[in-house]
Amino acid sequence: MRFLFKTSYAQDWRLARHGGQVFWYGLLLAALLAAPWVAGPYWTSQLTFVLIYAIAGLGLMVLSGYTGLLSIGHASFLGVGAYTQAVLTSHGWPFPAALVTAAGLSAAVGVVVGLPALRVKGIYLAVATLAFGFIVEEVMARWESVTGGNSGLSVKAPDIFGFNAGGAEAFYMVVLATCLLVTLGVLNLLRSSTGRAFIAIRDSEISAQSMGIHLARYKTMSFALSAAIVGIAGALYAHKLRFISPEQFGIEQSLDLLLLVVVGGLGSVHGAFFGAIFLITMPQLIAMAKDWLPPAIGQAAGLQALVFGAVLMAVVMFEPTGLYGRWVKWRTYLELFPTYRRGMFRRQRAFQKSERVR
Amino acid sequence: MSGPTGNGPGAGEVLLAARDLSVRFGGVLAVNKVSFEVRQGEVFTLIGPNGAGKTTVFNLISRIYMPTTGTLVFDGVPLERTPPHGIAALGIARTFQNIELFEQATVLQNLLIGFHTHRGCGFWSDLLFLPAARRNELAARRKAEQVIELLRLMRFRDQRVAGLPYGARKVVELARALCSSPRLLLLDEPSSGLNAEETEDMAWWIQDIQRELGITVLMVEHDMSLVSRVSDRVLAMNQGEVLALGTPAQVQAHAGVIEAYLGSIDDVSSLRREQAA
Amino acid sequence: MEIVQLLISGAALGCIYALIALGFVLIYKATETVNFAQGEMMMLGACVGYLLMLWFKLPFIWAALVSVAGMAGFGMLLERTVIRPILGQPQFTVVMLTIGLGYITRGLVTMLPGIGTDTHVLDVPYKGEVWNLGGLVLSAEQGSIIGLTLVLCLLLYLMFKHTKLGVAMQASSQNQLAAYYMGIPVKRLNGVVWGLSAGVATIAGLLLAPITFVHVNMGFIGLKAFPAAVVGGFGSLPGAVVGGLVIGIVEAFAGFYLPEGFKDIAAYVVVLAMLVVKPNGLFGEKLRKKV
């Protein structure tokens, strides 16, 4: 059992709330830093993917989890970031400059995609983002002079201040550093007034306005920020795969991102990480389990879809707080053992008021 | 606790003036040529049966609705050109009839959001958590703690709003409005849904807000005992129009007001019991 | 002449979009949830029809009737087991649930022995027939789509206007609490609505199958029905039909007159334009929260 004794307001906004958190996160960081030399090339590569998807998940989490704006076309930002990075580095741009430009261009596209958000909400906004997703994908496929069209585009290894970071370990370090910086940025926003403004817009737009929150400005900010973060993930994705094509950034990828944030835990930074781990490891587990299943099920092309769908439905129905929420419950159980009470995390059934007005 | 600011009207001068305010929704004239003035430092109450247009007037002041005709002037600033998110910066805060709190956030976070208009930093200082952002956090937290102390919300501070009982939510709604350090506080039915004890607390708080914090209060209320107790002046409305204006006693004795609430004397006589011969 | 020809082929596809959009809007009106799996319902309905003909050698018309009835029952079961427990949660989570449902449906269908991932031909009795109307060529598939959609819309209109069930559904979609008080069994009605929606989707699938063939990814056409529903206004049934026709016709013209690639995104450009010009769609309701 741990009792937090608070002596200053600053304690409440510190990133680590107590010594125990500092210890465990420090251990995690050390493990991540040591991974390339301990885990071998295959797992390093998988870990790199997890971190890249975690960054993308953070981007979508900011928009949908914290600002409450559902986006079903988010893979388009992944694509914008990836193609910008690929094209610029092929023209000799150094990695950091290309990365910043990819983020900036993605943010600009995000502002455009966010324009409908200023006028409509809910399902109308979701369909608008869906529409943008398809349009951007088509543009990427048709603009052959720049993107190479459907035949794809190969990507050079990242060149950081003259140092070739294309090797597995070096690139992993680059991705880890970027992921840490992005996570820090998002955490900073969430513990300050900008993050709270996002949450306010999610929970009640009308009272957010009466508190002085400029809805249009903050919604646009959220879209731009989310797009920039996902653009950064896209740039890293391009370098990782060394070859990109438009179909990687279509509706399936967008749905995968949504799956990531919902299964991971909507509305929490940890959720992006849990979701990324789920997204990358689940196909591996399915592949391993295939041999144990009867051929009709195991060899079917739709097995992965079935499992993903089942997990998504299970999460929505039984554990709305996602994998992270379940983790928190287990951790609390262990911390409080044996005094853990069954109903500790029972959420009040808050019923959604109808958005339609008669 | 802060007193009235140096600039702006002194006690007794007009803070908010509504002139010939009208708003039409489709064929319905919800508010019809309503005029009134709220003076600095007073508690001004709007009463009237349901559908009289009282909350509509509030929504006009908060710029959620645009008036069809008429003007609203707050401390010399005409509100026509103020966008809805600019109201807080002018010094007007409000509570909502059906509570509009941020359900998934804690009480403390709700109060910190109330401080938003006074933030001194922007997106980039938040992103990098620069000293300016830290100072802003400290200032917001200090104000929130002041309000928590005033309204005795300590035990709810870190609880999610979604799980709080109704009475506590009403108080949090009031607290959040106070965190923006307003000059004019709009309270929409502060005592609806509260039991006798909570209404008593609310009455004391409204008086504290007026006397200690120096905030002008404009409220909509149905509970007549609360109205008589805390109000300086009362405006009675019915069907979108002004019926009577004066002290609580004057308005309650006004024939038109009685008729609006109870009906005319003929109706009442039919309800009288027959006297035994 | 070719304009009328384009109009016809556009209207035919538009009717499919309209039928799927009709399913969305029915569910949205009743339970305010958005069913992202509507396209998959259509695909499942077509697959069931195909399998009935394949395994049980049923003639087309019987297979069609049985599959519509079966899918309607499935829709009701779905509502009872999966949707009802989560009603009241934010719209986002319900949408995610239906997305998950879509995934599961696609996955399960690939495991059905008759379907797998191949495309299959549905043996409809009118396959290949073509009608010549004074220079205009109308294939029987297109004609059946347009014709049946009209009949279906008429039936639905009559049901909503004149039958007790239809009026009850309208009441429940406008104010659930009041409907409860009036003795309307709202929960059971929601089940009926989901069943009706699944049935309409099955009809769409059976009509579409001769043109696109039966295969597991057939449901992705359902994604284009979203723009159709939004263009018409998400709470409006006639809007869904009009929206579907608009999208279908615009697509047909875009495919003919505009360079390659525009056909695929025509629907999405239209919906974005509509959101700029008239955010609530052609017949949509004005959404305004009352505070």
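Letters A, B and C name the chains as they come in the text, with residue numbers starting at 1 for each one.
Everything below uses one rule, namely that a residue touches a chain if its C-beta (ideal position, glycine included) is under 8 Å from a C-beta of that chain, and two chains touch if they have at least 3 such contacts.
For clarity, every value in this text was computed on a predicted model and none was experimentally measured.
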{"item": "Chain occupying the middle, per Cα centroid", "value": "A"}
{"item": "Most distant chain from chain B, judged by the mean position of its C-alpha atoms", "value": "C"}
{"item": "Chain B and chain C, separation of their C-alpha mean positions in angstrom", "value": "48"}
{"item": "Chain A and chain C: spacing of chain centres that average the CA atoms, whole Å", "value": "32"}
{"item": "Rounded Å distance between chain A and chain B, as computed from the means of their C-alpha atoms", "value": "41"}
{"item": "Per-residue overlap in chain C, given as positions that touch at least 2 other chains", "value": "291"}
{"item": "Shared-contact residues (touching 2 or more other chains) in chain B", "value": "64, 96, 100"}
{"item": "Chain A: positions in contact with at least two other chains", "value": "206, 350"}
{"item": "Chain A-touching residues of chain B, taken from the complex the two chains share", "value": "62, 64, 83-89, 93-94, 96, 100-105, 109, 112-117, 119, 121, 123, 126-129, 133-134, 136-138, 140-142, 162-163, 176, 180"}
{"item": "Of all residues in chain A, those that touch chain B in their complex", "value": "9-10, 12-13, 185, 188-189, 191-197, 199-200, 202-204, 206-215, 221, 267, 347-348, 350"}
{"item": "Residues of chain C touching chain A in the complex", "value": "28, 32, 34, 82, 85-86, 88-97, 99-111, 113, 116-117, 174-175, 216, 220, 223, 226-227, 229-230, 234-235, 260-261, 264-265, 267-269, 271-272, 275-276, 279-280, 285-291"}
{"item": "Sites on chain A touched by chain C in the complex", "value": "64, 68, 70, 116, 119-124, 126-128, 130-132, 134-135, 138, 141-142, 205-206, 251, 255, 258-259, 262, 266, 296-297, 300-313, 316-317, 320, 349-352, 354-358"}
